[in-house]
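Order as written gives the chain letters A, B, C and D; numbering starts at 1 within each chain.
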């Protein structure tokens, strides 16, 4: 049971960071995980140097999807879009640090997918860009 | 091998009776066996008492379908439409007198089907009227 | 505890027939399979029928003049007749093999719908439907200009029949609804609904994906014009579904897919369609799977669908009663098992449905989490998702106890 | 006799893999299965893969958060990737599972065709096609007002490429042809034909029902836009087929069937489609059968499709040479095995094709008689039907001898 949900995941799930919707936002993007109905809506304010000034997000869903959003989005402020581009599937999985089945992988990666789609228009799931 | 094709079937196949097309005809009907491309075209002249005056048929196909047509249609002259109506699947099979698999059954019964469809508008395969 | 809940089935004997049930998902954790509404397990008789087909008499059907093809054709057509008997259809010609319920519904929408509907014509479905009984009608409405309206869900997870009757007054051309909800288990009064729809001249399609596997269904008693169901949910293999249709309606319909077997004659300029049911079975059918479904209906028929239904009612009642003890659990849909099949969708206060399923899986209990292909229903219930336990003839009261124990573990983990 | 004909396969070892081959159709009469173009037999590995799926990890795919569903999803998607590799597709998203070749072709006709063709647009097919590659286009032409023209068959059973190039000058929107005739075995110059069609802007569909099972097919080398084939003809189970399509073309196409799994979101008013390939896989797929097909391509791939093809060429050459000794036998199509697969359709002077097949069956030899779903081709050959022997990797030179002996018996019976 121990490795099923780590303490930090339950903490981010129960106390999500950076919740809220920025208005106006330079990047404003929302998506669902069709498999299960998880939903994440991300808003970012970007300064003239392409650096993230502020982050706000809203969402509903399982502990994995919401904790992953909270953990990931918390790290975005003061990162440049170029830096953010390098964040990959493995970074998010490492952050979560638990074994995930393919279905739950989508829960875990929805936050990253929304980020990449909102910021760069990428539509593939992280890790599946090369299909 | 003996019971595969009886002598009489080979005889009717190689020397078909009543071949030809009547013109004019009171009943004129043709049909295929879609499974295998057997084709039978039957023409009948009927007198004012609903009795068959003359029979002519044309066809192409396997020994079973053509022998069955020859054997069946040979018996029609001077029968009334009412008598013909009573001819059934089993009569034809008895006439042929060999065991038939379901596919070959259609070969064997095409002649009867054409007769029933031409004379009474029945569209079902003989034996399947009650589906 | 279970003395109040009586089943007509010898469940131990039934479980012995299902090889998959006797496994541990992790060492020491035996499988409890409660995902039957998604897909059922298969008895050995079905698995062996399929192996036997491929090992002894596999061949293409209908056109072959050789022993294997004759044997395959016999078995394929015999399965059709046993499936016909299973739902009491009047003729084998009314049994069309498709891939699944979804394809059956699309066949009706595309063949019947496109040739019968005009702009402004009304199609009535319900908010309780599986996506497979919504999307094909949306597509059809887009293609024909027909209008699609939905019977809402009323208090208690049942259809709002007042609205249904109001919609009937608008003179729909087609009415379609599920005979058992795959989420809430709701069993609507199908016969009365069909009668009322017929009274205003509508053609009625019934989604039998959940009802046919779980209770007796008699298409002639129902007087349904169409009924769709899937093999994989009723002890049969994947890859095959059934569309039942009344013969005179099917006769008048144009074909759905074109190709081999569904024609009598092909010339370059035109083709002539084959007789029913072959007109609707283009190409090589799912021969082994149809034969497998034949073995499945033999299996279910020998047990008796009335008993299967009674057993599931008893297990469901027990589950509902025990769930009410847990606290913080909201069960979607009716609580009266006389109008509810064995699908129990729930939402816990303390945890998301996915997390519930994940923790349950950790304890060997297979349930399903998500919208169960019924987003509008979940929207109506004001939830994004639910965790669903769904029962079948081989589930036991002890397995319900395991489920309840699992839910207590969920609460422990999340309700801190 | 067979010393001239060399095969790269250890056919005895291969035969040992196919349980069905080791039977007598009547006491003392062993089965000779020469109906492979209709449907192939299945190796034990495929049969056991299917049983194993139903016995150990059967569950619905894609949405489940439990061990069985994860295992089923893994196996299903892994099969997709091995099938992708088998035909060298660029992405797993280009592999869509259907019921059979026929459904694959209908999918292209209905989804691509209905959204891309206008009245007067030209579709080019050929006279050599299986009905499944004619009827869907006839239906589409009827629905859209497009015009369907056919490349005729030239002397020697090959396509008349002069006419093909003339038709291309008319600027067809779609060209469709078989990569191997199921009657005459003809293998047209597919790559050149596709290149020429692309040069005039046509989209090309290739019917791979016979080519994919019998020779190496590389969709990227071919540059086909669509390729259709069936599992049951390539050592896999019935109930599943494949449509390959180039990703950018598939992306632009509307869905074919609506329902569960092919959507991202369903609201009562509208739905949003899922990503490829799921957009085209509505409802519960043929899970067990796809996994079985995965085992089949593993089996064929391990042997090597080039070797399968060489073996069939050797057996076919031997058959053609021996047939020429019999006398009174007309073989349809090419005699050069470099452009002919292992389908040998023949017409005897003395007996109807049905009767030939029936007598052969009496001697244990399974062939097929009729039009083989290719009426226009037979019309071109001026015959109503033919008897077809068709070979696969497990057929032997001795079995060809049995066929020839059988034909002598036919002559004995009928040529009196």
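Everything below uses one rule, namely that a residue touches a chain if its C-beta (ideal position, glycine included) is under 8 Å from a C-beta of that chain, and two chains touch if they have at least 3 such contacts.
No experiment lies behind these values; they were computed from the predicted model shown.
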Between subunit A and subunit B, the fewest touch steps amount to 2
For subunit A and subunit C, let me know how many angstrom lie between their CA-based centres, rounded off. 36
Report the inter-chain centroid distance for subunit C and subunit D in whole angstrom, where each centroid is the mean of the CA atoms. 32
Report the inter-chain centroid distance for subunit A and subunit D in whole angstrom, where each centroid is the mean of the CA atoms. 45
Two-or-more-chain contact residues of subunit A, please, as numbers and ranges. 35-36, 104
What residues in subunit D touch two or more of the other chains? 63-65, 69, 263, 265, 354, 358, 369-370, 375
Each pair of chains that touches is included here, namely A-C, A-D, B-C, B-D, C-D
Interface with subunit C, subunit D side, in the complex: residues 19-20, 23, 25, 31, 33, 35, 38-39, 41-42, 46-47, 50-51, 54-60, 63-69, 99-103, 105-106, 109, 127, 130-132, 134-136, 138-139, 148, 150, 230, 232, 237-241, 255, 257-263, 265-271, 282-289, 354, 357-358, 360-361, 365-370, 373, 375-376, 379
Contact set on subunit D toward subunit B in their complex: 351-355, 358-359, 362, 369-371, 375, 378, 384-385, 409, 413-414, 416
Subunit B partner contacts - residues on subunit C that touch it in the complex: 62-65, 69-70, 73-74, 91-93, 263-265, 274-275
Parts of subunit A lying in touch with subunit C, wherever the complex brings them together: 1, 4-5, 10, 35-39, 60-66, 104, 107
Residue ranges of subunit B in contact with subunit C within the complex: 32, 34-36, 101-104, 123, 131
